[in-house]
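Shared chain: chain A. Partners: chain B in the first complex, chain C in the second.
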Partner chain A sequence: MSGSCGRIPPPFPDNEDQEAESDTRVLDSDEDDDDDDEGEDIFTGARSNPITPTSAPDEGDIFSEEGSYIRSDVHHATNGLHSDEEELDLFTEATVELTLTNTTSQGRREITGPTASACNTTQVPNSILKPSIVTKTTEELEEEESGDQFELNIAVTNPEKIGDGMNAYMSYKVSTQTTLPMFLNKTFSVRRRFSDFLGLYEKISAKHSLLGCIIPPPPQKSVVGMTKVKVGKEDSSSAEFVEKRRAALERYLQRVVAHPSLLQDPDVREFLERDELLRAVNTQTLSGPGLLKMINRASDAVNKMTIKMNESDNWFESKLQEVENEEQLLRRLHAAVDSLVNHRKELCSNTAVFSKSVAMLGSVEENSALSRALSQLAEVEDKMEQLHQQQAFNDFFILAELLADYIRLLGAVRCCFEQRMKVWQRLQEAQSTLQKKREAEAKLLWANKPEKLQQAKDDINEVKLSTANDKHNTWESKVSQYERDFERVTCTVRKEVLRFEKEKARDFKQHIVKYLESLLHTQHRLVKCWEAFLPEAKAIA
Partner chain B sequence: MEVSSAEAALSVSASSIRITDVTQDGDVLTFALTSQKLDSSAGVCVFRIYEDFDWLQQSLFSQENLPGLQGIIFPPLPSKALPSQSNTQTKALKQLGFLALGQDWQSYCKALEFYLQQVAAHPTLCKCKALDSFLFNSESPGKQRGRKGIFNRLSQAVEEMRKESHKDVDNFFQNERNKNTNLAALSKVATEKLLDVVMTEQKLALACGHFSTSLHLCVNQDDASAVAFSKVCLKLSDVIEAVKRNLEKVASNNLSTLGLGLDLESRYQEAEKEMLFRRTCKLIELETVKKGTEKAKANKREVLEAFQKAVEKEFNLISSVAKQEIERFHSSHVNVLKNFLIGWCEVQLNTAKEFAELYSQHLEACRNMYSE
Partner chain C sequence: VQFGAFQHSCSNKIYLLLVRSVSVDLNNDASLVIDIPDALCERDKVKFTVHTKTTLSSFQKPEFSVPRQHEEFIWLHDTIVETEEYAGLIIPPAPPKPDFEGPREKMHKLGEGESSMTKEEYAKMKQELEAEYLAVFKKTVQVHEVFLQRFSSHPIFRKDRNFQIFLEYDQDLSVRRKNAKEMFGGFFKNMVKSADEVLISGVKEVDEFFEQEKTFLLDYSSKIKDATAKAEKMTRSHKNVADDYNHISGALNSTAADNNTAFKKHLEKYAEVFEKLRKLEDRVASDQELKLTELLRYYTRDIQAAKDLLYRRARALADNENSNKALDKARLKGKDIAQAEENQKQCLQKFDKLSESGKKELTSFKARRVVAFRKNLIEMTELEIKHAKVRRLKCCVYHYMFTRQCSGSHGKPGNLREF
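So, the complex of A and B:
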């Protein structure tokens, strides 16, 4: 396998340690999970801040970056195709969000609309050959950032409706900020539409999925949501839809660039850099390619049922089962969070109604102090409504979207396993063909027909090109190539899965912390509300 | 407070009246009631059922020889609670509002307690003998039924509605009636809306509990990374559990303070409304009699005039008592609401602080776990 490196558990800024950077071949241990095959850790999800579209009248908002996230990124070379490229002795550098410091809300962003978004820093070290095992503090990291590190920030912002009627579409601004040399500029932005993102996925998928990579899935299409936007309904639900989609597109891109081999893909670069992209028409559901895709998917499904792989390694079988179980679990969790969000929204509206009724009561009340207290009470309830609203957004963006993302990612993991099965199947077919030809040769040998024998020998050695990509001359070499392919895919899948699981645990941890921070924030504001109201209540005479 | 012989009946300390316990036997709730006489330090405990409270209320209504009785704003007695299983929560809510919620009839007992305290604190009503026997007789006095008071509750008959809007002769009372109509309607609405809020808070708490339980199912010890993920899920489960407890506490705080207060306020406004209505009815009676007297033939006139004078006297008495009652009511209702608002704010503030602390601890633990 190509260079392996250790993975550094991304530390939390307030816990400024546990930054073990490993030597080559030295796997730093995360908690306990150390698989021998654990290679590079590439899959870091750069997360963005969920945005709240409501205007918070008070200072700041829930979605300040109190919870900072660290990216752990490894520039690596994986799967055979790239083996000649960057053979890096690597260490991962956990990086710190440039914009945040700590929980004292210094990096707070006032989000007033679905335009601002958080940038994420993905740091990609470039051929740095000093492996040092060091625990770094936040400050040290930030110092280093200005040094040898290369970064890549991506943000998706400024959704704009272009066009009118049913041909309208939303255009998003994709901004990149980077120090990576492979890009032409340091800062640049382009405008993309949703189908462009889907097109990118198709391209990446076509190239990388056969290698066993876990390809991050793009956000889902939504006919209903988009129709509302097209029709031009200026209500909160279509604004919410656009915001949801914008955040999802951002997360999608961040996941893509966090995967080092995907980052190297010229299609990805083109997507980020090029001004005008060819319109990706293959992504429409009812187009020719779209239908073809559906047919392929159906045949894949049938294949899945009929392929019974001779699994030499139990690991894959049990892992696949685990993945399927987990998907079920996550779906259940997602449903639970959904209902939570809905109830909170209901609480929101009930609080607003109550607030109004109290305000009316206060206006009719004669006693001036009581009247004032009642209108203060109405204001307190109003503030609480806003707090509930923001908490509902938190619930949604921090928890629900996380779960939804992972449900889709698990689907991508399953695809990964399926790809491996396909490779295996191809190997099987080649092997059985070779076997048949050998048998034919043996029969001829037996029958002692020298002319035919020569023909059969040639047959085995003959070029049987089925696709233009076949570099093999003989069936034998074909078979051995396929064997190597299968080995490689197996290895890659294993690594990818392990990396994915680590990433998942880290992701969830991060989100819990974020969620807790938002809860705490809300709670503090609540305390302030009550403290402000108490003297008013006591002042009633 | 010295007890003069003229006010011999003022023997109970209003603030000492407590309902200390409630037991349920099938459909019947029995309340344990303690109170203290002013001149003694010993508490007296008796057991009463709802019918006894009703008897007390009826006795108060039907006091004789009390001038201007109709001008009194009678403390409102909560409706009867029907705790049987066939009574679904929606029915109970409709009937009792806030008093139906809460653990073990706590709010309901509180409301009954307030009722008794209000009666005992009322300068006129506290003298009623019935109150004494209600509070201190070991035997339940509710056996004597059938003495219905002179007045019934406001019924919704169309005729009543018409009377209700009868124009007043006195500006003070006309204003008061208008204000009261507004206040009564608005406080009823506010109470209902707060009830909605509390119900939603409880539903949200349930949803949190459901989520928290589902997270527990994610525990999986297969391999190292699964263990790590399970730890994370369990942590989140704990957090959501805390959120759930927070919501439950907030809901119960709302219930026991502001909810109770708004409910009491709303029922008291209704009580004032009833009083004003009685006076209006008397006014209508007076005006009818006056008209009759004017039209009367000479021989009947004297009788009618005497009758009219009596009615007029009654009416004036009622009006003067009513005026006092209204003033008393205004100041006391401000006080009562003030106490409820302060109590509500304090208890919510404490809960908010408590949970801020708890969340902070969870956050610390999470961060530490993260750095393991």
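So, the complex of A and C:
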């Protein structure tokens, strides 16, 4: 509009810029136009290390394999502007800490999963990162010493459809890399199908849940999703489904092996190592609505128990309340993130449509420079679309799935509390039985009926003729056994909950960090796109 | 440098005061400089302060301001359109009515939900509401200002008596509300317009320039209308994403007050992140709207004004041809020749005048359009770059914060190898 030029929108009066928090001040200070300077210094500084990125995955690093199909659909090649080069520079210029990472041994249990290569398949050659790795190694060693003493990395990759029609199924490659002595090899892989994972859950659950462990729930069954795959629909939604499932299975296994006692379980080892597994049957109830029903029943049971528990329960009572509140919160968050994903997808398609429209406009435009600029704008918007799609992917896999997982995990936590309740109830019942029998004995004592008295005594002790030494059959011993059980379960649950909370905090933080990384990447590409367009706009005459 | 100020009296009334100091390069000619430095919004009525600085002797004072409402702008537009001697000029399109429907709905919700919200939620919503009002406000002020500046920068329009009255007359112009007859008349005018569209495509064009213009404008008109609609959808999506970030941030902040876990503190930190993301997304959306969508909207209207010129010329051409035919008929019949001759002469004169000034107008229109696109595309790009850099920086800083801070669990410095 002629005559209406030069208008930069006013900086929005930002009240919270006056926050006194020290760590956020650095963030708020850049609300204004001064931002650019800071941005310039860090990100567009001189490129001292011209780097040619290699796109081949590292040899021997099983975790950078092709992975899912959807990634190759979603991810597009570079925008032809040597953006990769710039991206690397972004991080070599920035603080050294940020550029860390081992490309060989992951060193940590958490694998980055789909998001690792979701953004860019470009791999940074080790040579660049070596300097920073040196500084990090000592820190990592410290971390190793303080916490996790072992190394075990799992990846679930290469989904393959086996068979045809309704009997078809997806087979996944489960690869393990470990230094633990209990395994036969250091690196190995097997193929598993979904029902195998469910079978594993069944076995673990049967053994460990009674002890009060929090058993990670397996991914949900999906009839609709699987049917599409079986029927052979080769569209993006079934590819998305397969990727979603693959990632979920990977996370599931990672959580299982993250649990110290589950890792020791021979069934888990067998699952990872053994070439052929017995086909798990009756897994219908163990996922999807079946599992959910179980979990819901558990919480109902807990709620219905109006039995008063005593002293140390305050911790348990308030914890349970906390868990329930948190579940509500996560559900709410999940809904919001779901909405974000959908709107981002909408933005993606609207941008694509707009891009075409601008291209049409450009083709009609009679001024040649403006026409060219408009077609360039159409291309920029096209790239925007790709970025939006990528971001939607990240929104989903980094945030939405995390939340979904934890909603189900919290359900598992509630199950665990229920277990403890059950044990306590059993103890209560035994105690009350013992009490009754003692009262009966006492009555008989007063009634002075020696024969019956003896009978009552026997009753309490329930000494079986053949097993006089078998203390376990007496009610007294039963009660003491159950008391011990209850103590143990209480202790386990407590430990488990604390461990879970630590995991959860770490998990969330890692995911937020990953999300920030993905955003960082997207924004960087955005900057490059628009910077490339600017001269075109300026060239309009 | 511009800045906006906002006053909020009570939940039922909103006073909006926008005060800006605008750079002078808007008006090329210092002899007549117009701007809208502030505006007051009370409920649905917007009162623009039209400020004029002039060296022209035709005005009473060298500097003055008058308050004007939207209807008075429309009056000016309609008056100019109806002025016969401007038939050969592109009439600057009328500014659209200020549309505060969106923010007003929000304000309603705010008022209703006040009791059920926490103090923080209420304050936050209020702030968002203010930002929305401000955005709509900026848009409408800009479009009204540009409208006037089109007149002031045009050699012929700037001398128009009605325009001067609009600028100077310090009383209410008492613009009557359109009564039924006028509304109906307006409707009829639109019907005639579409008939003109048929006419314009049907008439045999003699002039190469106008032939090309006709083809170009008809094609361009539909394409730019389409682009505008798609841009609007895209901007709306951006706003939806910003909204979602807002909900996420709100949810993260909603852990119970009595919850003292470390995790809660984490969540609050994350809420901060999403709040920042929301702000940035919002800014991207509104800048895109202001620079791109508004540009497209404006030129959709301007193209229409150019097309109107072509219609008028086409009508004049048709009249001209008819007058020629009438003259021939008169000559044949041998009566009323003088009258027919006079008529024909006038029609030809009118047509020539229209063609001549039309050509000039359309040529300068091209130049104006190119300049405007250039300016807005550059500004939009620069803003996009700026916002993306800020977002990038913020993500980087938060990333650093979260990975450096060892709050209990050792934060693993993120896996950035893929970069």
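Some points to look at:
Criterion: the second predicted complex is superposed on the first by the 348 of 541 C-alpha atoms of A that agree within 3 Å, B and C clash if a C-alpha of one lies under 4 Å from a C-alpha of the other, contacts with A are read in each partner's own complex, and residues count from 1 in each chain.
Here is the rule we go by: contacts are C-beta pairs under 8 Å (C-beta built on N, C-alpha and C of every residue); 3 or more make two chains touch, one makes a residue touch a chain.
For clarity, every value in this text was computed on a predicted model and none was experimentally measured.
Of the two partner chains, neither chain B nor chain C is touched by A:272. Of the two partners chain B and chain C, it is C that touches the larger number of chain A residues. Residue contacts after overlaying the shared chain place A:501 against chain B and chain C alike. Legend: residue contacts after superposition of the two complexes on their common chain; A:533 is shown touching both chain B and chain C.
Of the two partner chains, neither chain B nor chain C is touched by A:402. By the touch criterion defined above, A:329 reaches both chain B and chain C. Touching of chain A by both chain B and chain C, each in its own complex, is seen for residues 11-12, 14-15, 30, 33, 322, 326, 329, 332-333, 336-337, 339-340, 343-344, 346-347, 350-351, 353-354, 357-358, 360-361, 364-367, 369-370, 373, 377, 501-502, 504-505, 508-510, 512-513, 516-517, 519-520, 523-524, 526-527, 530-531, 533-534, 537-538, 540-541. Touching chain A in their complex are the following residues of chain B: 179, 182-183, 186-187, 189-190, 193-194, 196-197, 200-201, 203-204, 207-208, 210-211, 214-215, 217-218, 220, 222-229, 232-233, 235-236, 239, 243, 330, 334, 337-338, 341-342, 344-346, 348-349, 352-353, 355-356, 359-360, 362-363, 366-372.
Every residue of chain C that touches chain A in the complex is listed here, in rising order: 1-4, 6, 20, 22-23, 25-28, 127, 131, 134, 138, 142, 145-146, 149-150, 153, 216, 219-220, 223-224, 226-227, 230-231, 233-234, 236-238, 240-241, 243-245, 247-248, 251-252, 254-256, 259, 261-263, 266, 270, 272-273, 276-277, 279, 283, 286-287, 290, 294-295, 298-299, 366, 368-379, 381-386, 388-404, 408-419.
Those residues of chain A that touch chain B in the complex are listed here as 11-12, 14-15, 17-18, 30-34, 318, 322, 326, 329, 332-333, 336-337, 339-340, 343-344, 346-347, 350-351, 353-354, 357-358, 360-361, 364-367, 369-370, 373, 377, 498, 501-502, 504-505, 508-510, 512-513, 515-517, 519-520, 523-524, 526-527, 530-531, 533-534, 537-538, 540-541. Here chain A touches chain C in the complex through residues 1-15, 23-24, 26-27, 30, 33, 35-36, 38-40, 42-43, 87-88, 90-91, 94-95, 97-101, 103, 108, 110, 112, 116-117, 119-124, 129, 136, 143, 146-147, 322, 325-326, 329, 332-333, 336-337, 339-340, 343-344, 346-347, 350-351, 353-354, 357-358, 360-361, 364-367, 369-370, 373-374, 377, 501-502, 504-506, 508-510, 512-514, 516-517, 519-521, 523-524, 526-527, 530-531, 533-534, 537-538, 540-541, going by the rule given at the top.
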